[in-house]
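Each chain gets a letter, A, B, C and D, in the order it is written, and its residues are counted from 1.
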Amino acid sequence: MADTTQISSAPTRPSALREFWYYFRENRGAVIGLYVFSALVLIAVFAGLIAPHDPTAQNRAATLLPPAWQEGGNWSYILGTDPLGRDLLSRLLYGSQLTFLVGIMVVLLASAGGIIIGLISGFAPKWVDTIIMRTMDIILSFPALLLALVLVAILGPSLINAMIAIAIAYQPHFVRLTRAAVLAERSKDYVISARVAGAGLPRLMFITVLPNCIAPIIVQAALSFSNAILDVAALGFLGMGAQPPTPEWGTMLAESREFILRAWWVVTFPGLAILITVLAINLMGDGLRDALDPKLKRS
Amino acid sequence: MLNYVLARLLTFIPTFIGVTLVSFSFIRALPGDPILVMAGERGISEERYAELAAQYGYDRPILVQYWDYLTGVLHGDLGVSFVTKRPVWDEFFSLFPATLELSICAMVFAVALGLPAVVIAAVNRGKFFDRALMSTALVGYSMPIFWWALLLIIVFSGNLQWTPVSGRIGLQYYFPDPTGFMLIDSLASGQKGAFSSAVRHLILPTIVLGTIPLAVIARQTRSAMLEVLGEDYIRTARAKGLAPARINGIHALRNALIPVVTVIELSVGTLLAGAILTETIFSWPGIGKWMVDSIFRRDYPVVQGGLLLVAVLVMVVNLIVDMLYGLINPKIRKR
Amino acid sequence: MTNPVMQATALQWHYQVSGGLFGKPRTLKAVGGVDFALYPGQTLAVVGESGCGKSTLARMVTMIEEPTAGTLTLDGKPIDPSQWASLRQSVQIVFQDPYGSLNPRHRIGAILEEPLKINSPDLSSAERTARAREMMGLVGLRPEHYDRYPHMFSGGQRQRIAIARALMLDPKVLVLDEPVSALDLSIQSAILNLLVDLQERLQLAYLFISHDLSVVRHVADEVIVMYLGRAVERGSRDAVFSAPFHPYAKALLSATPQADPEARKERIQLKGELPSPLAIPDGCPFAPRCWKVQDKCRSQRPILPDDAHSAACFFPENGGAPAAES
Amino acid sequence: MTLLRLRNLSVEFATASGRFRAVDGIDQDVDEGEILAIVGESGSGKPVSMLAVMGLLPWTATVTADEITFDGQDLLKMEAAARRRLIGKDLAMIFQEPMSSLNPCFTVGWQIREALRIHLGMGRRERQARAVELFEQVGIPDPVKRLSAFPHQLSGGMNQRVMIAMAIACKPKLLIADEPTTALDVTIQAQILDLLTALRDETGMGLVLITHDMGVVAETAERVSVQYAGQKIEEQPVGPLFRTPHHPYTGALLDALPERATDRHLPTIPGVVPGQFDRPAGCLFSPRCKFADATCKAQVPPALGPELGRARCFHPLNTDERVAS
């Protein structure tokens, strides 16, 4: 085979990871989001070391102290105290632990279930697929927050129940997304090649197709992460999430609602904490989407 | 198109049955005996228990009970509130206009502000306005709206005293409400200041409820526009020598609206979830507040009925949006 | 002549298209009865335009799609879907698009070893690697390519990888579905040479599917021309190319541009376009576009005669024998 | 007379991994009423120069040139609005994928009438009449009915006819066709190519045919410009190009055609077209050329005279000294 053997080596292209980082870095907001997010994770991990006070310790002598820089403030309570005289900063720091716990748990529960159901739906015969998709339609007919509220009403208000309820409500999004990605991949030639090579169904599902569907799922996971934080906070705010005295940000807002016109800080800081966390994750999510979605890539 | 409409209607039926199943099993899923729950802490005699069980049909097979429930739902019978003793159906429809009015205002706010802003941003892609709009949209999208509501109350009701904190209209006004829409009824009443009071009560809830849809519409329309602007037919339009404004405003926007309609479909649920929070904060007498109050009061027939009606509402709106989708997408309309 | 390694008789594939809610479902005949035989070391080319059913034929032969009717035999034994798993090793396929046919998340080594992993699980991983590396050498890939991902390769090299993967199981039949259509001219010739060499060395039977007549003319031994799911002409390459019987085959040949500015020739202009496969005409499927159509063509369906070179036409060109009515 | 004149045209794209030069110093003339073919393989940048002339490149592209003149007007110095009045009217273009090149949300009639309204300011009646006339001219049966069809209701061949009708609506002086038949079947391709040639004969417009198919070139073009890796490497009238190519790449390309094969084994060109990361220093074809020597690898060959097809080569083929094998 004289003239077929000699082929010059492939041009060296930048590796996939490098390319991903290039597109991610190009989105300045995403990089800022990544930094803020990393800082927040560190804070959550080391909350016990940084926090100046016990988050549940009440100081009856110092209720509703304003932040330190305001008149009447006290530098041992940098962000002031709440109506029960607890240090706001410490409560916020400990609250970040709960926030990340909630986000991670919801994403893990919803995505694990959603991916498996979506894979089955994409590969199953049409009638199974139809049943699954109708079931998802049914869940989607209930607004996530309402469904969570009602489920919590059944199961009883607690942080764990709130997470389970929200994970159930988010599951259909992962199912639909995975199914759509599976259907798009399934018709591609490399999947048919694997079938011709004799690959069985489990191999086709998990080894051939799933790794190629991961990109949109990651983006959806980032979105769900931030939405879960918002929804759990909303449940807490409505009194159906974490119960006092847990320093959960939404619950903190609910506890101090009646003081909004008297003590702005008790309302402002927990909300700001939620906003910054969610914003950082969403910024990162946008960066991920830009870097992972080839449709928006320009070459 | 007719086939599309009928096929879409057909999927409505199994989803509807599924939704009734979920709301039916809601009472079953409650921990404990529903009649004991109903009786509350006072306790109940055995004769009374049997009587109630027979009255509510809890002693019959579960399938029969479901069938009764389903036929009842179809006849508009959703049970009676434990608290007010009024039929759930009547309560729902007396409160529904308040939620509808607020939701329509929020949607109009979002679309009227969102679409033009996005078209301008797409023309000035990458420039200051585009970046500012997209950053704002992202902040709006990340906003915990219950907190946003509190901030607005602090500033506009607390510091500036411009807007009232709660309700739909000032207490001094009283007039009949034939439509249930406060804006219309206050105008029709002819009372001086009634309409402006209604408007002032509506402003903050509208902004709060409209924030997330506005952010979603802005973000989705823009990414749809960006995608459409890369299509071959946009190159054709440019090759025809059309002005950028015409390409963006007509050739691209028309195509970008097709995916955006489905975004609106998905945000109906978001809107209703937002209504729960908004109505609770502003004491807005609508479905959302009603549901939350009922959950707290353990008024289970209301929670059950409300859950079902909200789900059906979402389904109906989605059905309408899908029809709209079929109408604006020629590939479906002209098949 | 040796025995055919694979034989198809009256192979059909129908597909139900729902006619909406009230329309009755209609049958789409993607392939409406095709016969052929594949011989070791020989190439049968199937040519035709889009919608003629040639890709569906490929899917039936590679046991991805079960034929609606007709039989397919391998080494003289009829193929039944229950035996697909064990027979698949003998029939492998190479696709047109070298970018879609390799799993983007797997390394070349893993792609080549996958068929062995599935079909010969008792093989040690060292043996698998050795076989994969040997095959890479055979198709002209370099050893260092073993650890690379598909996106690092050009179209031509990917097609080599796809060919290597197809050969890992020592198949007897290789289905080549437009294997060079997506490649540039300068790459195309190298891949065609590779295919020719492999066939000689391994005595493979090729089912070569293509719309490019100049490529088919180069590689084929036998040719089948398909139109709307039916074989309209069959014969040896030289017979079909020098004196096509069927008017469609003649038109197709005349429409294919020749890379020779001096050879100005009369082009047969076909009227209209391909009819919808849902509304195949009752008589000869080509009748609505044929320039010499007669009443008989519209009412009767011509049957492809069982000769070495034959056409399904009542009034064939170049002295062919007229077809019988159905 | 020269209709379009390009001198030293270059186009660079900003990509994830740096700048990529898609067109590299091209000179090109297109005369009135001629059919010029631009051929090359993928990666040769053949449509990019014409997209630059049309102003259709994405914003990541940077265009530089010494001269871009169309019909005596300097396109480089022209205002955007003035250029838009020219494009779509005197200078028209059709594309490879007829299905996706038409806007799916509007009827084909609307899209044609839009061009007539923008450039010619025709009234409603007049536009409709002209649209019908155009459909008849490009051979679309039942024009009145087809005008109210959406692109997805028509076949690929029909849509390409619509594209052609739209392009010739304002009687352009130059029509650029970018792979107009690649997505179509052979029999439909023949119809479209015949239509384009007939339209050229009828209207006297210039026609630039961008293609990779040597068969299409041989049967349709009058003059051929061969591109490789963003450079024009040879230009000749069609007959001499196929008979006596001067650039080794052109020669190798023609030899690789299966229909010219004399043996079961085809002559091949080793390697691939250089991309962004492996652009050679000297002649761009030198890594794949069997005649390449040290000079070729080190220095960029200048374009030779017109008698040698302006080949960019130090060792041109088919000169008087060395006759092709």
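Methods note: contacts are C-beta pairs under 8 Å (C-beta built on N, C-alpha and C of every residue); 3 or more make two chains touch, one makes a residue touch a chain.
Keep in mind that this is a model prediction, so the values were computed, not measured.
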Neighbour overlap between chain B and chain C returns A, D
Chain centre (avg CA) closest to assembly CA average -> A
Comparing C-D with B-D, the one with more C-beta contacts is C-D
Chain C to chain D, mean C-alpha position gap in Å, rounds to 32
Cα centre of chain B to Cα centre of chain D, whole Å, reads 54
Per the C-alpha means, the centres of chain A and chain B lie apart by a whole-Å value of 24
In whole angstrom, the CA-centroid distance of chain A from chain D equals 50
Residue numbers in chain D touching two or more further chains are 58, 265, 268, 270, 272
Expected list for chain C, residues touching two or more other chains, is 154, 156, 190, 193
Multi-chain contacts in chain A, i.e. residues touching at least two other chains, fall at 3-4, 6-7, 11-13
Residue positions on chain C within touch of chain D in the complex are 49-50, 154, 156, 184-190, 192-193, 196, 211, 213-215, 217-219, 251-252, 254-262, 267, 269-270, 273-274
Per the touch rule, the chain A residues reaching chain B in their complex are 29, 134-135, 137-138, 140-146, 149-150, 153-154, 156, 226, 230, 233-234, 237-240, 250, 253, 257, 260-261, 264, 267-268, 270-271, 274-275, 278-279, 282-283, 286, 295-296
Interface with chain D, chain B side, in the complex: residues 230-233, 235-243, 251, 254-255, 258, 328-331, 334
Chain C residues touching chain A in their complex are 62-64, 85, 88-89, 91-93, 95-97, 100-105, 114-115, 118-119, 137, 139-142, 144-145, 148-149, 151-154, 156-157, 160, 162, 165, 168-169, 190, 193-194, 197
Contacts from chain D onto chain C in the complex sit at residues 41-42, 155, 157-158, 185-191, 193-194, 212-220, 238-239, 242, 252-254, 256-261, 264-270, 272-273, 288
